[in-house]
Amino acid sequence: MQRKFNHLIDLEDYPKEKWNQMIELAQDIMKSPASFSEKCKGKIMATLFYEPSTRTQMSFQTAMIKLGGSIIGFDNPDNSSVSKGENLKDTIKIVSGYSDILVMRSPLEGAAKVGALVADCPVINAGDGGHLHPTQTLTDLLTLKIQKGRLDNLKIGFCGDLKNGRTVHSLVKALSCYNDNEFTFISTKKLEIPLYIKNYLSSKGISFNVAYSIEEAIESLDVLYMTRIQKERFSSEEEYISQKNVYILDAEKMKLADKDMIVLHPLPRVDEITIEVDDDSRAMYFKQANNGVYIRMALILSAIEGAVGAVPLFSGKEFPEIICTNEKCVTHKETYLPHNFTKNGDMLECEYCEQRILMK
Amino acid sequence: MQRKFNHLIDLEDYPKEKWNQMIELAQDIMKSPASFSEKCKGKIMATLFYEPSTRTQMSFQTAMIKLGGSIIGFDNPDNSSVSKGENLKDTIKIVSGYSDILVMRSPLEGAAKVGALVADCPVINAGDGGHLHPTQTLTDLLTLKIQKGRLDNLKIGFCGDLKNGRTVHSLVKALSCYNDNEFTFISTKKLEIPLYIKNYLSSKGISFNVAYSIEEAIESLDVLYMTRIQKERFSSEEEYISQKNVYILDAEKMKLADKDMIVLHPLPRVDEITIEVDDDSRAMYFKQANNGVYIRMALILSAIEGAVGAVPLFSGKEFPEIICTNEKCVTHKETYLPHNFTKNGDMLECEYCEQRILMK
Amino acid sequence: MQRKFNHLIDLEDYPKEKWNQMIELAQDIMKSPASFSEKCKGKIMATLFYEPSTRTQMSFQTAMIKLGGSIIGFDNPDNSSVSKGENLKDTIKIVSGYSDILVMRSPLEGAAKVGALVADCPVINAGDGGHLHPTQTLTDLLTLKIQKGRLDNLKIGFCGDLKNGRTVHSLVKALSCYNDNEFTFISTKKLEIPLYIKNYLSSKGISFNVAYSIEEAIESLDVLYMTRIQKERFSSEEEYISQKNVYILDAEKMKLADKDMIVLHPLPRVDEITIEVDDDSRAMYFKQANNGVYIRMALILSAIEGAVGAVPLFSGKEFPEIICTNEKCVTHKETYLPHNFTKNGDMLECEYCEQRILMK
């Protein structure tokens, strides 16, 4: 099946030059927003949010409004035809007929790719379960570019639940495409960065550090990227009690950091950064959230104008008998989808959710 | 009470010349949407959806946006003042003060007529329970006009739950106003088209066919209009198992159909049309959904400009002692409404929900 | 902390000359709405509704649309990041980065003041629990001005649950700033106007009347302001049965009133005004709701243009050890907030919710 539109499903579908181009466009928009305020006049963006995410949805809505466009959509599947049993394909097919661009969020991994397969307009992935969230990653890159002036030669620490945090995985992969970045992973043993990310870095000849507290790592960092650790992620109640403060950033720990180190967080936070840190001029997470509007403006505009560039959705082939082993994969609920996989030796990789399956 | 505005509550309030006019206007808009893109600039449409219906609501919103207007409204009574016990009249009265046109959806039969009675602006009925859904019927007519080039001399099959499907009843009645249309009703015995529709056709001298499978009817049709049959509508589990495939349209059955036969469906579908049929060039249900935007543009524009034409809301009289026997009638919940009925021999017909009551 | 923007949190932050100015601007807008229809072009209003209130939200949305601006927001905390445990500060901080003005509604008393403390744009209080609802009060004043031609020298009766009705408390306080207004409080003994309001009036040398039925008071009134009494507010089932009709306004009681007396109600009503009264030309509650749009236009415009005037948010000081005794005070849930109080003799008054605490 051939991609007809400029979708943004997965950052890895594009070379980093394309990301740079989006970041530059976002910066241009920031410089003179007025010259972009009518660019999408008469255009309609539909936001299909199969799980609520106010922040992301409002960021996209703000972006479209600032381009002069309009918005339709839903924020809750309970209020949608989904609750009458309609499949994803039909909803996407119909709503994409109403609109010029579709923004999709779903708890199902690979859902946005289904959007790209069937929509009659470009699709932007606003998060598909624990899988991808490319506009967050581009927001992070834009913020680094603005605050540090570069995307290479950065010492970046990631702290929190590094095992389950898709935001972290995606940003590490993205930054590994730029030269001379150094990674430090700060977490409990149980919540360490996954082996496949470590292997990925090693395969590119990139070394990384592992730390078990913020204190031991913070001094040397240019950037500290904080994420949540949920209480239930610790191995035991005892570990939680003894460890939790180790992964909370407070004013005391900020004293150890360089005066130019910046703190990022994808938000929402719970208590992993204390409120007092907000008043530190190095706290950049609110600016980061705000930057998200501009990168989304760049993406919406580029997608509608056809400037993203169309790439094929599938590169492998159909294996009708093989069922993806990831229970959150969109193919389980949307049973009409072709079972497409890429083959690599004994391994099949699902082309929706990237789950790897060992063939017998 | 005198109608002050151009409401669209019931298609039968207008002669078919008015329908044709709306269909023509929709086609004009399709041809040059740009010349309509500022027609409702500065106007506000309120969508009062007392039950969620994302599809219909987004279709109306898209229509208003494409006319240059703006939207307010709610999609769920739980988030509205209704949950504080407010009556329909007060909500309509106030919201119609905020807006230039009101679009209402309700599970109560006759609710839209209440809208028309009290609103300070035109009201469009976007579905009142199992009673009426005139914009769906106009969408169907527009699609027939575009795809077949005419609204007369058509051989149309209706398949599914013909007993309970308001969409079918309304379209049959509408098409019976055009010359030489032939109807074929395809359903189980239990879900046959109601007697009152049969009598209605007979009274107009229109003959119709009855069939118990798609296969026996499909060959001769110009149009096949599919609808859902819910499992629980079959007489028994046995009947369901033995019969369900008979009423599912698939690629196999499409082979029997004429190369110009088109397939329509009001959507959402569940499984009464298999996904493979979507790729058949005769499958028109997604285009049909899209056409809905243009007929709604025509209606909104005509209502706001006063071009629909005002007709009286009540033609009968008040019978304060008589209570409508339809438990879904809006008069049961909204007890302040006058009990208006038209009288025909021994029968009273409720002027809200069209329930017929035998007087003693 | 210094107020950077023109917030509207509490009417009492401003002298009545400012209120008059808003009322005049609202009247100017009513006279020539077209000359205001592009005043907020390109501006974004965010509505953060932590509890649903369709009426108020639609009124604000309509106001912003009529000024040419756009809208983002949510109407239900369940669909927002709040449900992920985000604090009020973060949500406000981020959303105010997306928008030019913020409208907040919350069940927590003092929540809007938190908005004003942290937002990067002006904040309008659209109701914080049982505490304040200044745009309702301004709507009431505007309606009196339009209908009676003045805000002084009025005989105003308030009827219903005067103990718990914040709308009544606020309007009484506001009208006591104008000369020669006379108040009559009509309620059961149990639901009498609070002592602090009585003391407030006495301290300003304003006398008031107390009545236990509409009938005994209505004849002499220029204005009758009705509010709800909930069944559970009566002392007993017996009292409810014997008393409820005494506080219901019907056509019979309207006969006793002056031909120029107007009836107001903040809406939604339940059954405290019978439907028949709606057709009385003295019933002004629907017009009153409609006037709310224009006062909100005046406020939005003034806040965005900086014409409201910035005033300090806190006038007292921080008492870190003192905890507000009002369990609905926003400081209980948002624990990072400074505990600010004004001191008056032995009393501390919470600067968020105005709760008074006796110091030991």
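First chain written, first letter: the chains are A, B and C, and each begins at residue 1.
One rule holds for everything that comes next: a residue touches a chain if its C-beta (ideal position, glycine included) is under 8 Å from a C-beta of that chain, and two chains touch if they have at least 3 such contacts.
The structure presented is a predicted model; accordingly, all values stated were derived computationally and were not measured.
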Checklist outcome for this item: Ordered by label, the neighbours common to subunit B and subunit C are A
Checklist entry - Can we say the copies subunit A and subunit B touch using the same residue numbers, with more than half in common, or are the two sides different? => result different
Checklist outcome for this item: The C-alpha superposition of subunit A onto subunit C, two copies of one sequence, needs a rotation in degrees (nearest 5) of 120
Checklist outcome for this item: Between the Cα centroids of subunit A and subunit B the separation in whole angstrom comes to 42
Checklist outcome for this item: Residues in subunit C with touches to at least two other chains are numbered none
Item to check | subunit A to subunit C touching residues, read off their complex | outcome: 37, 52-55, 58-59, 61-62, 65-66, 75-76, 267-270, 275, 278, 286, 289-290, 293
Item to check | Interface residues, subunit A side, partner subunit B - complex | outcome: 42, 44, 46, 70, 72-74, 78-81, 83-87, 89-90, 93-95, 97-99, 336
